[in-house]
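Both complexes shown next keep chain A, but they swap its partner, so chain B is in the first and chain C is in the second.
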Partner chain A sequence: MFRSQQLALKYFAAAMTLFGIMVVAGLLASTYYIHDGFLLNTLDFSVAKMLHIDTMIIWLLMGFIGSVYWFLPIELERETEGIKLAEVLFWIFCAAVAVVAAVFILVQYGPATEMSLWFINQGRKYVEAPRWAAIGITLVVLVFVYNVVATAIKAKKITGIIGVLMVDLIPLFGLYLIAFPSITNLSEDQYWWWWLVHLWVEATWEILIGCIMALALMQLLGTARRIVETWLYIEVALVLGTGILGLGHHYFWIGTPDYWLSIGGFFSALEPLPLLGMVVHAVYDAGAHRMKTTNKPAFFWVMAEAFGNFIGGGVFGFMMTLPQINLFTHGTQWTVSHGHFAFWGAYGCGVIAVIYLALQKSRACEQLDGTVWKWSFALLNIGLVGMVGALLVAGIAQAFYERAMGGSTLQAFMQGQANVWFVQGMVMRVIFGVIFAVGYVALMYDLLTIGKRRVAVAGVKPRVARGPA
Partner chain B sequence: MYAQDPAFWRAGAISSTLVMLIVLVFLTVDSLATIRAGGANVPSYTVINKEIRYEFDGSAHRYRPVIGADQQLFGRSYSAAEAENLMRLGKLVIQSRNCINCHTFFGNGAYYAPDLTKAWLDPAWQQMWMPMTQAATREEAIAAFLMNPEKYPTWSRQMPNLKLTRDEAVAVIAYLKWMSAVETNGFPIHFGHIQTN
Partner chain C sequence: MTAEQMLGTSLLLGAFVLLAGCYGLLYCLGRLRASRRLGRAAAAAYLLQGITAGLLALSSLDLWWKALLLASFVAFVAIPPLTWRFLERLHEPQEHHS
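The block that comes next holds the complex of A and B.
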């Protein structure tokens, strides 16, 4: 095994650990809604919520970085350039994440000075990490870009997938620089902030996971390179062709001109197209290979990714994206419902699929299957879809009672929160959250032991693990 | 056939991306001119010296902020430089206290606490907080609440005490007042125009 792939396994371990912290923080954050005064002035909602979202971003990012470190030497047939630097930065990355989390929990907030933004919390959604840590993340991404580009140059070989990946890494790095400034004018602040958030999540990350899924499909099903690359180009054309101006759906209500209502509405209505294409691609490939694979869990997680991305990102996004609807749904639990489904479907499932592929190789299993992964797959997806449904019910109640009927005032907000359907939705969300958490435990058990267990599953010949070489 | 050659699709990917990026650059130049403080949609910071209302505009088919006569804030008016300094401090309060991870601003943020886009105009300050705090003005009532939220509990959900100083409270209230005057294309709809009981 290449050193790059050993590093990938470390990134996967870190990612799955953070995934666990995300689940715990999520359960915590959901408790505030059903228990008034929970941990008030001790660990307020804002801290739990921030931990929940930031660990999600970091575990997915670590999953992507790990996936690229895993596939890069296979694709370019050589060790990753500058791997030593990448190994050092991995530990710095982990240490920085731990310090930031500790500061979030223990210090929480500071006075209204630039120093607070440098060392405690930047107070900007998704990019709360204090500036010193944001510099660290910039450094990690920079070295990651160097690794990919330098390896391609040394290999004197740029495949279509690596080409797309290399171009995609420019915005992945460049857009993150928006994490730093604190602009006084909130309209300008949010204008640029959405470049970071939207053009990362709905463009750059989509292309990145597209590249990763392309590499995974070739390994998983042996799909021909020509087909995979053609699909990747179509996907890039559609994702960026619709997603760049789809940015407009975030510019409806922040002070920006009203032409964004039409532009954002139109282009974001088209945003599900590439995701539908990915479903067609995945189903076609699976059918073409008669669903025969040596890695069942990876195969099912790839399928979950394709459908989850389309339904969670595409359909649930479309449902609330037109300005006439968004006027009522914007900033309600309806958004949360879409957010959970989309991040899980588009990215979470994809990272898990790649981890199963990597484990098959690192543990030298001809076949990867078993019972535990099926349980974790079912529990995680039922838990997730249950949470999404519960949040949607709560969100619809909120949109009607707080927004449409109440006019969004402080009192209307609280009345919406007390509405019986809203409350029931919040309780159901916690219940399905617990199911999701059980699924996470099963997933971790499976990831730690699959390919090492001597279980008698029909048609499976487990081999004794050699462990990571 | 062209379609069977990946290079054909690569050309499509590159051209569609470039076209969209160029359009985005043009729109960004125009949008930034509209949203600078003092631009068509975003008032200059001295708007905190004015009365602000939120009214339905029949010709535009939506609610819009209306800027009225002079109205002092905390018993005084602010020069352009003073107002800008106050806004800078207000924004730092919002970021350092992590407001956006409970509240939303322009609907963006977290959903545990009310949206603050038009919070300055909320009827509840006059109806509930002014009697509760014995304050003579809306801004003094908000300041009393923000500095000691536990003293003035309202509905079932409470705001934590974020140890705001008087200066910080004044700055963040000025910021909310300025924000309520931003033209937000009618969001939130009907704000303050529905009697809720």
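The block that comes next holds the complex of A and C.
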């Protein structure tokens, strides 16, 4: 195994740990809605929510970085250039994340001074990490970019996938720089902040996961390079074509000119079209290979990604993206429902699929199957669908009673929060959140013990999968 | 837009895309299994999507959005067969090899 792949396994371990912290913080954050005053002045809602969404960003980012470190030496047939630096930065990255989390939990907030921005919290959702840590993340990404580009140059080989990846890394790095400024005009601040959040999530990350999935499909199903690369180019064109100006749907109601309503609505309406193409591709691949693979968990997680992306991003997004509807749904639990489903479908499932692929190789398992992964797959997905369903009900109640009927007054807000549909939606969200958490435990058990426990594969006598060479 | 109109329209919009997904999925399964029944089910899903588009045309959405929805309804019909044909052509040399 290459050192780059050993580093990838460390990144995967860190990603899955952060995934667990995200789940715990999410459960905490959801409990505040059903128990007023829960952990008040000890660990306020704002802190739990911050931990939840920041760890979500970081676990996915670590998953992506790990995936690239895993596939890069296979793709370019050589060790990753600058791997020592990457290894050092991995530990710095982990230490920085731990310190930031500790500051969030223990210090929480500070005075409105530069010192707070540098050492406590930058105060911008999703990128709250204090400035010193944000600089650290920038360094990690910069070294990651160097690793990819330098390895390709040294190998004198730029495949189609690596070419797309290299171009994609420029905005991945560049857009993060928007995390730094502290603009005092809220509209202006939101305007640029959405560049980071939307263009990372609906453009840069989409391309990144597209590259990772292309590499994964070659390993998982033995799909020809020509096929995955052609499909990747089409996906890049469609995702960027609809996704970049789809940015406009975040520009509703933040003080931007009203032409953004038309631009945002139009391009958002086009976004489900490429997602449907991806569903067709997934079904075609599943049929072409007659569901036969040596790594069933990875295969099912790849399938879950195609469908999750379509339903979470396409269906749930389209329900609320046209400006006339969005006027009422913006910023309600309805949005939260869409966000949960879309992130899980588009990215979470893909990262888990790659981790299964990597573990199969690193632990030299000829075939991956069994029962535990099925439990984790079912519990995580049932938990997730239940959560987003409950959030949807709560969000509809908010949009209906608080916004459309109540006119968004403070009184309407309070009535909306007390509405029976909202309250029950929030209770159901916690219940399904617990199911999701149990699925996470099963997933971790499976990942930790793959290749180390007895496995039963259909038609094959139970045997001990071979351990690491 | 009243509260009732907002709720009805948003649910129709969700159903519109969901039915497009059902149409795509059933179309693919029909092709995979060479099943006429699944093919008819795909056509039924597309028909339901058409009904949804019709109901949306009667909603209180602006004319511009209604036109966009009708245009995308027409576009949706072509996506599964075109993608499928493209994928078949793309996979052909590999299948000949194996």
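In this section, the second predicted complex is superposed on the first by the 456 of 469 C-alpha atoms of A that agree within 3 Å, B and C clash if a C-alpha of one lies under 4 Å from a C-alpha of the other, contacts with A are read in each partner's own complex, and residues count from 1 in each chain.
The rule is short, and it goes like this: contacts are C-beta pairs under 8 Å (C-beta built on N, C-alpha and C of every residue); 3 or more make two chains touch, one makes a residue touch a chain.
This one's a predicted model, so the numbers in the text were calculated from it and none came from an experiment.
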item: Overlay on chain A: chain C relative to chain B, clash or fit; value: fit
item: First (chain B), second (chain C), both or neither touched by A:Ala224; value: second
item: Partner chain in contact with A:Phe328 - chain B first, chain C second, else both or neither; value: both
item: From chain A, separation angle of chain B and chain C (C-alpha centres, steps of 10 degrees); value: 90
item: Which superposed partner A:Leu276 touches (first chain B, second chain C, both, neither); value: second
item: Which superposed partner A:Phe266 touches (first chain B, second chain C, both, neither); value: second
item: Contacts of A:Ala179 with chain B and chain C, given as first, second, both or neither; value: neither
item: Chain B versus chain C, judged by how many residues of chain A each one touches; value: B
item: Partner chain in contact with A:Phe316 - chain B first, chain C second, else both or neither; value: second
item: First (chain B), second (chain C), both or neither touched by A:Met405; value: both
item: First, second, both or neither for A:Ile396, with chain B first and chain C second; value: second
item: Partner chain(s) touched by A:Gly287 [first = chain B, second = chain C, both, neither]; value: second
item: Shortest CA-CA distance between chain B and chain C [superposed frame, angstrom]; value: 6
item: Overlap of chain C and chain B interfaces on chain A (superposed complexes); value: 226, 230, 327-328, 404-405
item: Touching residues on chain C, where the partner in the complex is chain A; value: 1-3, 6-7, 9-11, 13-14, 16-18, 20-21, 24-25, 27-29, 32, 60-62, 64-65, 68-69, 72, 75-76, 79-80, 83-84, 87, 90-91, 93-94
item: Residues on chain B engaged by chain A in the complex (per definition of touch); value: 4, 6, 9-10, 12-13, 16-17, 19-21, 23-24, 27-28, 30-32, 34-37, 40-42, 84, 87-89, 91-102, 104-115, 117-119, 122-124, 150, 154-158, 160-162, 165, 168, 171, 179, 182-194, 196
item: Sites on chain A touched by chain C in the complex; value: 223-224, 226-227, 230-231, 262, 265-266, 269-270, 272-273, 276-277, 279-281, 283-284, 287-288, 310-311, 314-316, 318-320, 322, 324-325, 327-329, 396, 399-401, 404-405
item: Contacting residues of chain A [partner chain B, same complex]; value: 32-33, 36-37, 40-41, 44-47, 49-50, 108-114, 116-117, 120-125, 128, 160, 164, 182-191, 226, 229-230, 233-234, 236-238, 240-241, 244-245, 247, 250-261, 263, 323, 327-328, 330-333, 335-336, 403-415, 417-418
